[in-house]
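Just below sit the structures, each encoded as structure tokens.
One chain, chain A, links the two complexes that follow: it is found with chain B in the first and with chain C in the second.
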Partner chain A sequence: MAKVMQKADVVIVGFGWTGAIMAKELTEAGLSVVALERGPMRDTYPDGSYPQVIDELTYSIRRKLFADTSKETVTIRHNVSQTALPYRQLGAFLPGDGVGGAGLHWSGVHLRVDPVELRLRSHYEERYGKNFIPDGMTIQDFGVTYEELEPYFDFAEKVFGTSGQAWTVKGELVGKGKGGNPFAPDRSDHFPLTPQKNTVSAQLFQKAAWDVGYHPYDLPSANTSGPYTNPYGCQMGPCNFCGYCSGYVCYMYSKSSPNLNILPALRQEPKFELRADAHVLKVNLTDDKKLATGVTYVDAQGNEIEQPADIVILGAFQFNNVRLMLLSGIGKPYDPKTGEGVVGKNFAYQNMATIKAYFDKDQHFTNPFIGAGGNGVAVDDFNADNFDHGPHGFVGGSPFWVNQAGTRPIAGVSNPPGTPNWGSQWKAAAADYYNHQLSMDAHGAHQSYRDNYLDLDPTYKDAYGMPLLRMTFDWKENDIKMTHFMVDKMKRIAEAMNPKAINVQVKAPGTHFNTVSYQTTHLNGGAIMGTDPKTSALNRYLQSWDVHNVFVPGASAFPQGLGYNPTGLVAALTYWSARAIREQYLKNPGPLVQA
Partner chain B sequence: MKALISALALGFIALPAFAQEAGPDQELIKKGEYLARAGDCVACHTAAGGKPFAGGLPMGTPIGTIYSTNITPDKETGIGNYSFEDFDKAVRHGIAKEGYSLYPAMPYPSYARVTEEDMRALYTYFMHGVQPVTQPNQDVAIPWPLSMRWPLAVWRKLFAPEVADFKPAQGMDPVVARGAYLVEGLGHCGACHTPRGIAMQEKALSDADGKDFLAGSAPLEGWVAKSLRNDHKEGIARWDEAQLVEFLKTGRSDDMAVFGGMTQVVEHSLQYMSDEDLTAIVRYLKTLSPVHPDAPPYQRNNAVSEMLVKGDESKRGAAVYIDNCNACHRSDGLGYTRAFPALAGNTVVQTEDPTSLIHIVLEGGKLPGLKSAPSTIVMPAFGWRLSDQQVADVVTFIRTSWGNKGGPVDADAVAKLRNSENRTTSGDDIGQTAYSNQPEQNPAPR
Partner chain C sequence: MSVDDTSNARRDFLRKSLTLIPVVTLATTGGASLALAETKERQRDEDKPGQSARADAYQPTFFTPEEWAFIHAAVARLIPADDRGPGAVEAGVPEYIDRQMNTPYAQGANWYMQGPFQPDAPSEMGYQLKLNPQQVFRLGIKAADDWSRQQHGKPFAELDTATQDAALRQFEAGKAEFDPLPAKTFFAALLQSTKEGFFCDPIHGGNKDMVGWKLVGFPGARADFMDWVERDVAYPFPPVSIRGERA
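Moving on, here comes the complex of A and B:
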């Protein structure tokens, strides 16, 4: 018999960005909030203590901040004819664990969204006709516009302390020749901090991009260009380009995180309680499955505990949100055969390609050991629909960038193609090239397809006896077409730098999803937002169509993957959803959109 | 869902529990609560993890350990049976209801100048605004004959001033007078910041007693309480009123960060004080004449910054500084606005006695999380990785670079502190309680 805790107004599952934002917004509205985080308590101190945190073996190789797959993981297969197997070693993507979640281990690239991507299907149909979108591609509109979200993007940047350069502010051109992005949508205000300085590699990219006729801009980063105090009174230090961002706790207080930018303010809030080591098993529903009554979790001692609440926020990682909905019976599970059902539908990812350029040993000291996770120079000439897709026959776009985030001693050595993988020639090449190379990425959007989806695994269970989530996922022809196009365009930048050698890493036709090599942790979809309960699990306010007191913020709500990193849109959507709860739902609890 | 909505509605109209019963003047209780904050009563009268004002905090003295007492209105174990006169006798006169003299760990020599009007507000608060807690007082752990109380009466007669309402000097600016009243009275700043004499008495209880008043102490629990006089050498002349007010209110300013015992003073007392009172305190401190009137203002010298930028680490301690301190405090010693305090020109790193600087290098420090400044920025400890010699070197580097005029420090001074019990004061043992986690709530009825 589970122990029953005192009822809270709100219970939040997961304490990353979305959990922290919701906790802050809803305590501000006067509600009592209990946040449950499955992993341990983490904070800048002691987890980010200098110099102990500068430890590649512990953090990057042994993955200290990431999920323990011996307790809980996903199973993966390429198609429905295969039997999925558990993802036992972290490789392609790295789900976080502990207070701060992905917001603690992320790198800090903090972009908004291209407005077109919020209404992707409508836009493509309008510009290219209905037949342009290939059969089996299930891309959809988000159901919310950039204009509606703009105030929330703006506020989130102020909370995060984001460094960047606007192109236009309230229609006025302010960023020309200063690092602004001419493809960026209009903004209501400047970034709270000026852009960070650019590394040598980013400067080379910038010049080469200009030379080939592209439009380079300073990548907005949630790594501070100077000290900062956010609207919650939370303070940040300045980034010193130490290069220990992604996978680490920032010791300089300069990489934005829920722990740094929101939790200190929540600690002053008596109506807020955070319980770490609290693993949620399911959302409890009334018998008619129309209303959630709270959640059941297991604490560090293995006790089963029920936390009743009037509102349930699922703020876990993308696939954990989907899994909790499936385990709890919230919404109809997706069936790829019929295309019916919504939970698990439109699982999408990222479509990356990389080019490395190597220079002569006396040329371009790129100091790859320095860097900042969100820092760099990018071009958006081929992102979203910033170019005519008509002749090319694929859907999707991609920003390109040099994002020098710091190459660390164990994993950081990269030699030109043709160098042996060990021995004296490897050493000689490492000595010659380590300090004279750079890497650029095409950070491609990824589309959703009828047969890339999530459901519960029929065989494998987690340490608590609950079915694992199963991913059925593979690359499609559109993905390969897009990434080859992008690499060709990006190669022009690389070649304009006149390097001694380049190494192009791009998916060959027929490539299957490889779980071993890292791509990004930008998983999307499975509990998507939209305008129609037949094709989406959530309405435009991230509210479950089926259980109106359950809200599900996160990239799980994206109907397809963006060209940009997801965090900026995740944060804005969460503030947007929180505002709807505060201003509409509390006054009149019930569905915020009538189906 | 109804429950949620009604709970919300309740939240807006909920009244303090006391309002429901006819009783003492709420305004007076509020005033008393504020004054109790100004007097920082909670810091000593609450044990680690204990209930607010229930006492039991151990305090080391040269002759043994004494424990603070239960000052909740519990009739059995607290002060519930105290009349106003009993209360006043203890607080301002240093004499317990039972007639014996209090240990002067209770700063009654400072409280002697609190006005009777304020005493009545304090009394009302402690009787009606504090939750009674049944918790018997602990006996002092002092062996006979030192445990005899009569010498305390002698001490009291020798060193405690006559109890009298504070009267500002003629012609004193009213704001400065308010500051003097708070600093010399309830604030009992001198308890730490004034040097003590042979019998542990404060050498001066007000500015009228001479320039020893608030001139900085010998190390207490491993920290030097710096001079608060308007002095360029060790005092506060370098900072203006706005900077000092911000520091007292938030424990930080553009170039300062609170550490050591003062952290708890900001956390439990100063953060709750009005801007007017904090301004009064600072304005008064700024009137205190310098002990070293000839000491020149800080003059920046860039030689060391330029050496470090060039990669020249030949100066004693420079390499240790670069490897451990430089990321936050920078090669120019200026730190980063509000986040990491300046070392260049900062008088706390240049005090004649280097104890504080050694201590913070060994053990680190943590800014308190406050309503107005919630970030608990932490300087990690370095004692575990630096030898005594390295600590001495880096401390010497900090004290002698960028125009700083502190003296060199040797490894023995570090060893002494590293091995001393004093260095283990974490601050957590002086009254960090549930009370401090819920600063907005009235501590009374729960």
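Moving on, here comes the complex of A and C:
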């Protein structure tokens, strides 16, 4: 028999960005909140203390802070006719674990969204006609507009302490010639901090981008350009470009995280409780499956414990949210054969391509060990629908950028194409090029398709005996077309830098999804938001259509991938959902949108 | 943003030094222990003879003498000592690998290791063998030495360097047939571990005297570049390690 805890108003599964934001918002509303986090307690001290954290082997190579696949992972296959195999070692994506989630060791590129991407299907149909969208591409509108979300983007940036330059504020041009992005939508306020300095690589990219006629801007970063105190009273010090950013806890208190920017305020709340080492197995429902009664979890000693609550928030990260819904029976599972059902539908990723440029040792010192996770210079000329897609025949856009987050030599030594992988020639090239190279990405949007989806694996189980989540996923013709178009446009920037050599890394036609090489941890969909319960799992407030006291924030709600990184939109949507709970749901618990 | 006039630099300096104070206060524990470690390390250095003696003195606890001979010979070819400076052996890579073999990682502790296994899956599906790193090294070294005996009549370590290089290329390309695991898999693990041992912080037993970092110009644990971000120049300071050693 599971031990039963005292009932809470709200139980939150996972304490990353979404869990922390919900915990803060709902305790502010006077509710008692219990957050359950499967991983260990983590914080700047001791997990980010200098010099112990400045250790590439432990953090980047052995991946100390990431999810432990021996306990729980996913299985992957490229299409429905194959048997999925376990993702045994972390590779393509790096899910978070422990208090703070991936938010503790993310990079900090902190963008909003291009408004067009929130109503992607409607926009393409209006501008290019219905037939432009290929068969089998299942892109949808989010069901919420940029204007509705703007106040929440603004507030999230203030909580995160984001450094950046506005283009317009309330319609007034403020960012021209100062690093603003002419393609950015209007804002109600400036960024809380001015942009960070630009690395040499970013300066070279900026100049070359101007030279070829593009419009470079300073990438907004959740790494501080100066000291900062956020609306919750949490303090940050200025980032020193230590270069141990992505995959590390920031020892300088400069990278925004749930632990640094929200948890100190929550600790003052008597009605908040955080339990680490609490792995949630499922959400418990009433017999008619219409209402959640709480969750069941396993503690560090292996005891099964029930936590009853009136509201359940799934903040366990994109694919864990989907898995918990499937394991608990929340919403109808998606079936790719019929296209019916919603949970697991529209699983999408990021469509990346990379170009590396190598300079002569007397030409430039890019010093790639200097860097900050969110720092860089970007162009949006080919993002979203900022150019005419008509003649090109693909859906989607891509920002390009140099985002020098800091590379260290075990993983970061990269030699010009044609160099052997070992021996004296490798060694000489490593010595000649390590400090004279830069890397730029086309961080492409990725679309959703009828047969890219998530369900439960029939064979493989986690350490608790529960089925793993199965990803059925591969690249499609549209993705390959888009990435080739993008890499050609980005190559012009690389060539304008006049490097000695360049290396273009782009998916060849027919390439299958590679689970080994890191791409991004920007996984989307599976529990998508929308306007119709037949085609979405959640309504526009991230509330389950089927079980009205379950809310599911996270990129699982995105009907397709963005050109940008997801967390800016994830955070804004979480605040938007929390506001709906506070202002509407608490007064009148029930569906916030009538089906 | 690229303009670096003095008044800007000065403002940055003031801003940084002012705000560093609370951060330093918060991080005292780390700072204090670093200072201590540094003093100890210096004293130890003074007591010790030459640096290379340190790398040689290590006694393996995982590898057998035959395996140890293979590791030495192989890593010496993967990153050779040459006119650009010390190689993997001088950096202590064998010690690094032996020490790694005694960590949970080498027992596959944080990999998903439940069956069924599909060892013949295409490479884009990732690692699908049942073997943990200890087994990959143990079985791989034996297979490599068996192959070498069969082809050349002696174990790998006794071949001349040109023959060793040719053999490594066969392993790398998967042209050598190994029975217990693909030669490619073994080679990839060996090369990855060699690079790890050459470039890791010395605290892990490799990169002795920070030779890997000095070779490429990596400053190690300095991790504070506020004043160097915008400058297209060589970073002038030598590397430091977690223990506070200075190159």
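Going forward, the second predicted complex is superposed on the first by the 595 of 595 C-alpha atoms of A that agree within 3 Å, B and C clash if a C-alpha of one lies under 4 Å from a C-alpha of the other, contacts with A are read in each partner's own complex, and residues count from 1 in each chain.
The rule we apply is simple: a contact is a pair of C-beta atoms (placed from the backbone, for glycine too) under 8 Å apart; a residue touches a chain by one contact, two chains touch by 3 or more.
These figures come from a predicted structure and were not determined experimentally.
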Touching partner for A:Tyr253 - first (chain B), second (chain C), both, neither: both
Which superposed partner A:Arg408 touches (first chain B, second chain C, both, neither): second
Touching partner for A:Cys242 - first (chain B), second (chain C), both, neither: both
Touched partner set for A:Asp310, first chain B, second chain C, both or neither: first
Which of chain B and chain C A:His389 touches, first, second, both or neither: neither
Contacts of A:Cys234 with chain B and chain C, given as first, second, both or neither: first
Residue contacts on chain A - larger count, chain B or chain C: C
Touching partner for A:Ser49 - first (chain B), second (chain C), both, neither: both
Partner chain(s) touched by A:Gly423 [first = chain B, second = chain C, both, neither]: second
Partner chain in contact with A:Lys7 - chain B first, chain C second, else both or neither: first
Set of chain A residues, in rising order, touched by both chain B and chain C: 44-46, 49-51, 226-227, 235, 237-238, 240, 242, 251-253
Residue numbers on chain C that touch chain A, as the complex places them: 1-2, 12, 15-16, 18-20, 22-23, 26-27, 29-31, 34, 77-80, 82, 84, 87, 105, 108-114, 116, 118, 121-128, 165, 168, 172, 191, 194-196, 199-201, 203-204, 212-213, 215-221, 223-226, 228-235, 242, 244
Touch list for chain A against partner chain B, complex: 7, 9, 30-31, 44-46, 49-51, 226-227, 229, 232-238, 240, 242, 251-253, 260, 264-265, 267-268, 270, 291, 310-311, 549, 586, 589
Contacting residues of chain B [partner chain A, same complex]: 1, 3-5, 7-8, 11-12, 324, 327-328, 336-340, 366, 369-378, 380, 385, 437-441
For the chain A and chain C complex, residues of the former touching the latter: 44-46, 49-52, 54-57, 61-63, 68-70, 73, 76, 83, 85-89, 91, 179, 195, 197-200, 203, 206-207, 218, 226-227, 235, 237-238, 240-244, 251-253, 364-367, 369-370, 408-410, 413, 421-424, 426-428, 430-431, 434-435, 459-461, 512-516
